[in-house]
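The following pair of complexes shares a single chain, chain A, combined with chain B in the former and chain C in the latter.
Right, the complex of A and B next:
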């Protein structure tokens, strides 16, 4: 294994080196740093050109410039952007964080949604639901991301802000959305005709009721989940998680999931006091999150039984869910103040930038501000990459479901839930390890466009701006960084795949 | 009827169960005919093909091809016209859709803020997109298949080089390499002081050049697939027998192996082309693709995105056509994949199943009567 890693690592370094040579040559040829001076009418044009030629060594062959860059780069100095005279490291430090948060969030959301919808689509193969999901994913696949992004910006953001300022409920839209949700659930849960009709009616009614309650009760002006919401959602999550991963017959798993949810409810008020008295930061939040997962695992362990792992897993998943709920609830509490703050002008959905300048406020206000900014770019990225995950997951699930061992599992009388979750799902998820790094590269590319449109000063925008400004150092830094990330992702995927699938032997 | 016949009324196993309908349908057909039939029966692919052909025909006939002028009255998309009705579209809905009656008008898709006819621009953009798509597809096809075939057939150092080169291309997002390449193409002429007529020629033929250039960076996945296909096919018996019969390498590659790999190639080139449409528009949107005097759908959206609040039609039409083209090509690709995949089974509809069952029962009862 070590030899395999070392070999792959050496290969990756070699590829990066060749990449740097090729891209440097290409970018160096493409950029014209003298463009503005050629058109200039200033009397000392010749001196200006001579100065710049000397500064950027334009009179020397390309290899000299490459060597300069390369020797600097391997010493950890990616150079300066000559036009603004800023260090590339300074430019990048903020940009990396921005891009990573955007891409990470989009990947996680798209992955979860795409995989879930793909599995549902595969389980209901050749039904109306499957055909609709296929059609929608094809449409999403064909959408140009820049078009979606501009549309979101000009349509969704402005529409939402207008609505928040002057709420007038569009009942037709609410009805259509409820009907779509009803149709989705009826198709997803399946069954015979009567059952489908029942689910259709129930799901439509519940969606309509929920939407109507949210829209008419003024919840949007002062959103919160509250203790009641956490009790209801926590219990629901506990039951769902148990239903999917253990089956409701497994009482220990059910009780441990419910107990975890109960612990979350009990800790709700103490946590609010903690949040009020101690100024929060990400260190605290992550620490509390880890503690919560630990609690979930611990409760599952305490309930014990012959199948401890299942209870522990269920407890941990419920713990994650409940802690996210408590976090979201706390962020929601600052919304009225945020909405009415004089830097927001009562238009909370932002269309430009990473954060509101001069906003101030504590940790929670900043989180809310980040959320309102990250919302649209993330939707744009998720829409694009969701489609490919859905298609991929559907295909892989169908392939697994047609295998002989699935038929064996069914033949020996296992319940369908066990067949799907334990036997099919695990194997159907494995190929994701191969597709995620590829998709990550696509997402980085998508982020270039999204960042440009939404004015996020991330890596992608830095790349585009530098390319337009004829500054080679930031471009090269971007290329090298992206290349490294892609290489590492591919390496991690190979490694993971070899770990997950015992059939794959690592060629040392 | 004799007893022996009664015990097995249908001697061939294929005529029972899942494969009954399919086996009967493909009787006596060649592989190519089966694929063609499957493709022609794929509703999504057929509608995609019809819409794509219609869009292509409409755009080309409106704006003309090469020296042949089109039927649209404004042939120059960049010419400005006096503003009519504040640039609003003159296209109106027919009465049955609640409009005042169908009219075409002078500027059916409206005008932009300097008075250019949006219909002419969008149609020219569609033509550009299709041109780039086809050129890119052909380039990637030729390069990818050649290199993949050589690497898969001869293996050895060529194969090794190819794998390393594809690694290189897969590392960077296409849009990043495309941007650098687009910048390179648009900048080359002025930077190296090429003669004016060369610069102008490059400028006017940008879609063609961009298509070739992008094709030259998009071939590696194709080459990889073809290589994989060749690696397995070259070990098969028919290749050995061709070699024993004295066929040359070129003949074996072109006549024996390539026809067997054609399914993978066609499917992937279609999917590549749908990707190409979106890529070209995205590059033009960023300003590194096609620019004045050529018109591209992405470029149109880019210039008009600021005017969304006042002139949304400048934004809707180009976007609509991008989606339409990409969607159609995607559907065609999906249909081709299903058609070439031997595992695809046509699922008979409920009605067909019932009919078959009734026929079977009728046949059995008839047999009993006899």
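Right, the complex of A and C next:
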């Protein structure tokens, strides 16, 4: 084990060193730090050029520049971006935050959606639904992101804002969306022809009703979930979570899930008062979140009985769900003020930036503002990365479903839910363990095009800007950082795999 | 737990919840700002509030400096220099030697209440003139650490990273009045552009903050005195510290930790800078000048994607945009309602240069020193350049009013342009493509085939297109054109590997001395190897002439000589693109020179 680790680390260091030499040489050759001065009409151009040549040691061989960079770097000083005279460490710390906050959300959403849709697609293999999902995911996969971004801005930001200013419901569109939703549920839930038709009709009607209610009741002007919404959604989540993870026959699990939802409902008003009297920050919110999960676990433990783990897990999941509902509800309450504020001009969905400059406002306003800014880039990233997760998950699920032990499980009479959730899904999730750590590299590496179009100055933007400015230090720091993360991620993936699959051993 | 108990717990919880729902929710407070706001978008982010150093010198920094530091002069919409007496006045005290007296108005104040005065002028002069720099250029390399930061120069080593042409002709310490209200500078020789270069005095840093940061003098008056004394006594130890502060303290991309660094004398003070995203400004409460802030909060946002500008404007997130112009962006922005679009030209112009000293077709040496022969070949080549076609096909889609630029030195629209065009003969001789004339010129020269290597930026689509048009036309007259498109074209300039080149020059002021370096032997920008002793004399004359009436005739003579020598041709002014939301603001009216659309911010009206 130690030998394995030592070998991997030595290998990683060697690779990083070679990487640094190659990238430094290539970047050094490609960049022209004097470009802007060559066209200068300044009468003291000679001095400027001499000055820059001296500063960047352009009159010396490449190896001297590399050596200077290398010795600085291994002493923990990644240098400064010479043009803007900013420390690389300062540049990076802000950029990493921006990139992570943009991409983490998108990755999580894409992962959850991709896995769910992939499973549905695999379970309904070779049906119209499966073909449709395959078609849509390939279409999304092949979309160029700069184009998606511009379309999203046009329709979801400018179009939606125009609609909010002058709401006139397009009933045809509502009808089409409802029908698509109906078709999806009919395909996903399956069954014989009559059952499908029934689901189709019901799901279409429910979707249509919900959309119509949202669009005509003025909910969009003053959105909220409210105590009623939390009761209904909390109970629904309790039932769904129990249905998937424990089965409705497990009364203890059901009751603990319901009780957790109930506790959330009871705490709704006290929490609103807490939020009103104490200025919130993320420390508070995360603390409350942890307390909520603790409550969920505790309730599950109390109801527990012989199968405590299942009830506790259900309670915790419901607690997370209800907490998020209450949080979202509170954010929604500042929406009317936000919408009518002087800086927003009644156009809430933003096309650029991370936040509205000089908005003011409390914690909740800032969360809403972040949401209106992160919405479009997140959708753009999700649309594109979701497709690959769907394909991975579908493939691995199908492979698992054809295994002998699945047939055995079905043969011994286990309910289909247990076969799918416990026997198939767990094993089908394993390939993701290899993919997710590697995706973390993009988390640090940023998304160049998305960041540029939406005006987020994250890591991708930093990299491109530094190249444009012919600043080699931040480029090298970026390459070294992503290189290191990639190596660590590969290592982590190996370990994770060994942890999940007893057939695989980490060995030298 | 029994089933009954479980049910009763659930029931109790539900009942409790329903009971709670009778409660009233607390009232929602939001603390949103309710000031009037205006947002403009620029395509490059700010990185320094000292736009005079070699690395802070960028239009995006100049913009912020313009908004936050008042000045003696500014350019109006006709590119005439206008005085701003609410900041200060300047007058020429004597012609020979040239003496200029600056007098600061009582209304000129820094945003911390300290008056703007002679100490600031002394610092501006001391830092821009290079007079105090004592680090020889061969030692420049020792000024930097290996990570490119500037070394804290050893005591006595002074290096200000700025040098402004003309200001370096002021070598003597100025006469400073006792109350610091006025200061008189003496130029060692007459300087034609002294008035335009008054701009650089207002762009300088606050002397009392430099004194505080560099010399540790807290009191503003004492700090000013310390700065003046350092320059007056050539106290290299103090100057070294001042130079270090000057070179690096004002370089930041986000709000600096020391609020002193944001002290300004202009209508606005910066309140927050978010790296690469935006800078917000509020009116300077201490500002008493004429150029008042038109809005409670002004924000400059930064984004380089031109379509993002257009969509942000359409979504009313920003009210003024300044994207990189392309035909697509222009047509997109023209489709918006309530938006006024300007496609006026900018300060940069495109031109074709010929090489005189590389043994190529345009070099007299090729013909055994027969200058007349080489001249005919040059004239023949220039006659084939389809200038109007280039403008029609490349620039007109971006600016319907685009015209061919017919003057080497004067920006179209500037006061002397028409006179230059009327007298230099470029329009008459090269206004239209004349293949027949080109053929007969070549025949007269006795040259059968001339091979011309053309250098241009291989990555610039506009120049690729220009090259194609020129090639097509020149080949008709019998020239053989070789594609010298190069990604590293900037480095190839002046290397003699090409016979003709296509690129742009940027003008930053209307100063008459700016273009001398293109034509004078050994001039910094003379990549053509061009020599003409008459032009050199004229350039000398114009550079030291203090009579603007004289400039016009001198410049006309220079341009005439350039046309007669077939030096090269100017093509067009780069198109600009500014658009603003007419439902939110009025009065926006960009000019060709920096700070383009910001020049008249005090005339804007928020609707």
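To be clear about the criterion, the second predicted complex is superposed on the first by the 489 of 508 C-alpha atoms of A that agree within 3 Å, B and C clash if a C-alpha of one lies under 4 Å from a C-alpha of the other, contacts with A are read in each partner's own complex, and residues count from 1 in each chain.
As a working rule, a contact is a pair of C-beta atoms (placed from the backbone, for glycine too) under 8 Å apart; a residue touches a chain by one contact, two chains touch by 3 or more.
Quick caveat, the model's predicted, so the values are computed rather than measured.
Colleague: If chain A is used to align the two complexes, do chain B and chain C fit next to each other or clash?
Modeller: Chain B and chain C clash in the superposed model.
Colleague: For A:463, is the partner it touches chain B (first), chain C (second), both, or none of the two (neither)?
Modeller: first
Colleague: Given the superposition on chain A, which partner contacts more residues in chain A: chain B or chain C?
Modeller: C
Colleague: Taking the superposition on A as described, I'd like to know which of chain B and chain C A:27 touches: first, second, both or neither.
Modeller: Only chain B is touched by A:27; chain C is not.
Colleague: Looking at A:448 after the superposition, I want to know if it touches chain B, chain C, both of them or none. Which is it: first, second, both, neither?
Modeller: In the superposition, A:448 touches chain B alone.
Colleague: In the overlay, answer first, second, both or neither for which of chain B and chain C A:57 touches.
Modeller: Only chain C is touched by A:57; chain B is not.
Colleague: Just to be sure I read the superposition right, which of the two partners does A:154 touch: chain B = first, chain C = second, or both, or neither?
Modeller: Both partners, chain B and chain C.
Colleague: Please work out whether A:18 is in contact with chain B alone, chain C alone, both, or neither, and reply first, second, both or neither.
Modeller: A:18 contacts chain B only, not chain C.
Colleague: State whether A:358 touches chain B only (first), chain C only (second), both chains, or neither.
Modeller: Touch status of A:358: second partner only.
Colleague: Would you check which partner chain A:143 touches, where first means chain B only, second means chain C only, and both and neither mean what they say?
Modeller: A:143 sits against chain B, while chain C stays out of touch.
Colleague: Please write out, lowest number first, the residues of chain A touched by both chain B and chain C across the two complexes.
Modeller: On chain A, the residues that contact chain B in one structure and chain C in the other are 32, 35, 38, 150, 154, 158, 452-453.
Colleague: Would you tell me which residues of chain C are touching chain A in their complex?
Modeller: Where chain C meets chain A, its residues are 1, 3, 6, 9-10, 13-14, 16-17, 20-21, 23, 25-37, 39, 45, 47-48, 54-55, 57, 130, 137, 140-141, 143-144, 146-149, 161, 163-166, 168, 248, 251-254, 271-272, 274-278, 280, 297, 299, 301-305, 307-308, 311-312, 314-317, 488, 490-491, 493, 503-508, 513-517, 524-525.
Colleague: For the complex, which residues does chain B have touching chain A?
Modeller: For chain B paired with chain A, touching residues are 164, 167-168, 170-176, 179-181, 183-184, 187-188, 190-191, 274, 278, 281-282, 285-288, 298, 301-302, 305, 308-309, 315, 319, 322-323, 326-327, 330-331, 334, 347.
Colleague: Inside the complex, what are the residues of chain A that reach chain B?
Modeller: 11, 15, 18-19, 22-23, 26-27, 29-32, 35, 38, 126, 138-139, 141-147, 150-151, 154, 158, 438, 441-442, 444-446, 448-449, 452-453, 463-464, 467-468, 475, 478-479, 482-483, 486-487
Colleague: Considering the complex alone, what residue numbers of chain A touch chain C?
Modeller: 32, 34-35, 38-39, 41-48, 50-52, 54-57, 68-69, 71-72, 77-80, 82-86, 91, 94, 150, 153-154, 157-158, 161, 227-228, 231, 251-252, 255, 258-259, 262-263, 265-266, 268-269, 272-273, 275-277, 302-303, 305, 333-334, 337-338, 341-343, 345, 347, 349-355, 357-362, 364-365, 452-455, 457, 461, 465, 473
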